[in-house]
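Both of the next two complexes hold chain A, though its partner changes from chain B to chain C.
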Partner chain A sequence: MSENKAAIGKPIFSLFNIIAGAILLMGGILTILRFTQGLDAVTNLSDYNPWGIWIGFDLLVGVALAAGGFVTSAAVYIFGMKHYHAAVRPAILTGFLGYALVVVALHYDVGRPWRLPYPFIMQRGTTSLLFEVAACVALYLTVLFIEFSPAALEWLGLKRARAIVVKLTILLTIFGVVLSTLHQSSLGALFLIAPSKLHPLWYSPYLPIYFFVTAVIAGLSMVIFESTLSHRFFSHKMDAAHLAEKDTLPLGFGKAAAFVLAGYFIIKVIGISVGNTWHYLATGYGAWYLVELLGFVALPAFLYAVGVRDKNVILIRWTAAWTVLGIVVNRFNICLVAFNWHLPAGERYFPSWMEIGISVFIVTLGIVIYRFIVTRMPVLYEHPDYETH
Partner chain B sequence: METIHTLQEFMLHTKNVTYVLIVAALVGIAAFWRFLTDRDDE
Partner chain C sequence: MSLSRRTFLGWLGAAGITAAGSKANAATTQHFEGYPDAKAVLHDTTLCIGCRRCEAACNTVNNLPPPEKPFTDLSVLDHSRRTTSKTYTVVNRRAGNGDGPVFVKKQCNHCLEPACASVCFVKALTKTPEGAVVYDASVCVGCRYCMIACPFEIPTYEYDSAYSPRVMKCTMCHPRVLEGKLPGCVEACPTEALVFGRRDDLLKIARQRIARRPDKYEDHIYGEREMGGTDWLYLAGVPFDTIGMRTDLGVTPAPELTAGALGAVPMVVGIWPVLLTGIYAMSKRKEKIAAQEKKKAVAEALAEADEEATAKLNDSLEKAKQEKAAAIDKAVKEALEAEAKARAEAAAARAEPAPPDEDDENA
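Moving on to the complex of A and B:
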């Protein structure tokens, strides 16, 4: 049986392509179902639970895990850590695709795509955090698009356009850090309005700070995680600079993540103290809170530190994956598990298989597009015709 | 332990505990930094 070869010499009917194709087909069918039959046909959402995993996972987790873009570009262009330069474009691409897919996922929840610009035309005013999140995400997506555009312009051979955009790097990086600080924290601040709905162990006036700090942790860990996968599956596309940082990037970012995790652990404990919610730790929810705090914050802080001390890159890589899972657990806890904790079991929310299917579809779409871009555009290597910026 | 009746008593109690925790945290984070970086020169 002859195999059809794609332009890059890989078989079209590979295992990954078959599975991804099936997921994309399923996602397409579910998308048609959602937009023609409505939320009730596809989701388990209700008046008690208007936000499900499309918000809890696709939006909250998606925005947190896309934070690698601003963290890496700030490290290189603002803090002058030029030795991580090779990590910038992959991180910016991950961030750009992450935020773009967050907007795609939002459409499933909102249901009327033509109303996407409404926050800028008809909105509840500047005291609305959701307006601020919408404005910042829209602006930051634009910033990420422009930050990534040099790679696309190099691929297209548009030298003059590329030269103009590259001059904006520092400005875009600063703007990106400002916007990220704003919207990452504001996503946490959304829950400040519901102190009676969110369990006291997770509810805190410091929620905006917690969300911003965990976004930095998520960004650092995702860059290590994405670098691990890129070295595993795309090392043939990498130049010497990218291959050389295979171990230096996890060591450097792991050290930063260890320290930020330790600081986050401290401010979480201070938050319990300020709210005087110690007695909740002895409950069932308290046990789960301790799993999150000790298992997904304190433990990775320690493992990252051990990995950095012993130069154990494999330990750092596994810790990064565990930390990414911890961010997912944290966002799920705040949005779904600890939210509406007073409600009886019959009113609690669990996603339908179709909601999970749409989320899996969106993640798969991101991976497929990421693969398409890195196998064609100069993301994992420097284009020989252009200077490094 | 006395029961807490007023906001003043609540703030006094929680801030006392928080001050102690913050001092412990500052010592702890310094020790963690040393643990993290003491093999950097090797």
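Moving on to the complex of A and C:
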């Protein structure tokens, strides 16, 4: 449609391109440094702190924020909320890109990335929750790829292949929900092995359930957040169905998020009661825990509810961004802040600028690829030659 | 000779267990009493003089890089140290309870059910029947989950290696033990603060020492139960938490901590698709019923409209017919009237002849 016009109208050296280009250049240099000089050259990882922000942010936050794909496709195809159909493709795309970039990021973090398939082809360590995470992420990445493929096939004009994939929609959606349930919760279960290192307020036998429920919250909030950005930057690419969703989607997803956040708040309080960790609330870590619980769980639950009641879409959008930040805070707390809390300050971890640089690089890579795809493939509009599936 | 026979029998036993397909492996979720005849080391901290000869021996037998300060330099004891990728074992000097310093050796404790082995997703770490927890660098991916999992903070990583980083930790000198030799550190210890033997025997020795000198020893063998039990056992004359050893680890073997989460996996795989298909079927059925009802309502509305229209049409047809008939009647009536009038006029014209005749002709 307006593809050519847009391409001609935009200069190569736009602000976005300059900033993105600079970040990608920096990322390229850091990548060379990482893979030629080793982890020591770019990270602050140590024997006490084997996992840094490449696990805390790139893996834990990345996977949680990519949950929009399974949440949206389940809502539309399984729960029958057909009126959000237009949201499925962008959510699947961000999910796919999110998982793909998680796998890219893991190549930086593990010591010998070329051996990443070893758990499947050499020896299967099935007693490890990391094995489950690896297996589910690998399978789910494949599922997301197939789920997204109709958009690419429409773009390429491969009608027969597209028809076959579309027939698999329900099967893929169910498979996707099963895999997401497993690996989202398993990421939390990774920390069950270390009760002596994770602060008692964050350590709970319910960690897997907490991670799964927060993934649903993250998915709902990310879809609102992304649709806000898309409507702002790609509205010229949208068809009537997408444009019409601008306000209905935040209201619907915001309502769901308010409920799930309220439920999460309750099971968190139950967790404190079961662990009987009330007395820790009076400590410094307790204050920070309350910031997370009240500021990033109770508050957004309330704000979402108010926003839905008043049909205040702007409030819902800001709440979605705040909730996404809350997910980042939660994953950082478990992986970095409350982990190794018993160690003296000198032995604690803080990321080097190069670790942060690689994380920023990977996020930027995701945005650039998303932009490339939505300006070309039928993601934010329906291809005129094909019926809705 | 007797040692090699015992080793042989040990191997036979291990082979038998494997051949029988028994799942009595360490690092699984089943209850595990420990391998019979597993070797262990008893570290009596009351006998340790902090000479660091164990460190030197460890460095030599494992071909580790030379240290920054020589092993004879005891000033390194001024700071608390941990294991590193270049040091499998360290001796720390602790204050104890005031009756002079206490020296404590630190190395892998070789758990009966190791957390590191249970979390390794490529089985690079394994518990051997001889007691050692060993590492296979040829399959290790380098995820470092073992370092997260270890409650004793023992495994280390070669972060400085770009192409072949390894997890580094004490092997209990497993190759030497298989040869019938003592672990390097035990062999070098001049005070018998380290004793190597069967775990069961060492536990008996430790209990005897406590029983004989209750004034000298704490009544606790560290490692007997900690984290489900370890193959490195400790005796001390002061409470263990005053010499840098954690006493809050509990007695649960590490694999049990994740057993619940792992057990839930097959349940999710089994029941989730059923539940989701059910929800899908319900929403589909709802949709179908809604569609049917809509169809029915539309059909009814159409039928009603149709009927109404037919009635209206009939009405208007009837009306039209009547109107037509009325019009015909009217026209006939008018025509008849006109004729009658004409006749009357003609009759009148015949009665008075001249002028009307002219008129007629003109017309």
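One rule holds for everything that comes next: the second predicted complex is superposed on the first by the 376 of 389 C-alpha atoms of A that agree within 3 Å, B and C clash if a C-alpha of one lies under 4 Å from a C-alpha of the other, contacts with A are read in each partner's own complex, and residues count from 1 in each chain.
Note that contacts are C-beta pairs under 8 Å (C-beta built on N, C-alpha and C of every residue); 3 or more make two chains touch, one makes a residue touch a chain.
Given the structure is predicted, the values throughout are model-derived calculations rather than measurements.
Novice: So, does A:258 touch the first partner chain B, the second partner chain C, both, or neither?
Specialist: first
Novice: Which partner chains sit in contact with A:276 here, chain B, chain C, both or neither? Use first/second/both/neither.
Specialist: The first partner, chain B, only.
Novice: Counting only touches as set out at the top, which of chain B and chain C does A:266 meet: first, second, both, neither?
Specialist: After superposing on A, A:266 lies in contact with chain B but is clear of chain C.
Novice: A:190 in the overlay: touching chain B, chain C, both, or neither? Say first, second, both or neither.
Specialist: Only chain C is touched by A:190; chain B is not.
Novice: A:309 in the overlay: touching chain B, chain C, both, or neither? Say first, second, both or neither.
Specialist: A:309 sits against chain B, while chain C stays out of touch.
Novice: Quick one: classify A:43 as touching chain B (first), chain C (second), both or neither.
Specialist: A:43 contacts chain C only, not chain B.
Novice: Among the partners chain B and chain C, which is in contact with a greater number of residues of chain A?
Specialist: C
Novice: Considering each complex separately, which residues of chain A are in contact with chain B in the first and with chain C in the second?
Specialist: Common interface on chain A, chain B vs chain C: nothing in common.
Novice: Residues of chain A touching chain B in their complex?
Specialist: Spelled out, the residues of chain A in touch with chain B are 255, 258-259, 262-263, 266, 269-270, 273-276, 301, 305, 308-310.
Novice: Show which residues of chain C lie in contact with chain A when the two form their complex.
Specialist: By the definition above, chain C touches chain A via 27-29, 82-85, 115, 118-124, 139-145, 147-149, 151, 153, 155-166, 246, 248-250, 254-255, 257-258, 260-262, 264-265, 268-269, 272-273, 276-277, 279-280, 283-284, 286-287.
Novice: Which positions of chain B touch chain A when the two form their complex?
Specialist: Those in contact with chain A are residues 10, 13-14, 17-18, 21-22, 25, 28-29, 32-33, 35-39.
Novice: What part of chain A is in contact with chain C in the complex they form?
Specialist: These residues of chain A touch chain C: 35-41, 43, 45-48, 50-51, 74, 77-80, 109-113, 115-116, 118-119, 122-125, 127-132, 134, 170, 173-175, 177-178, 181-182, 185-186, 189-197, 205, 208.
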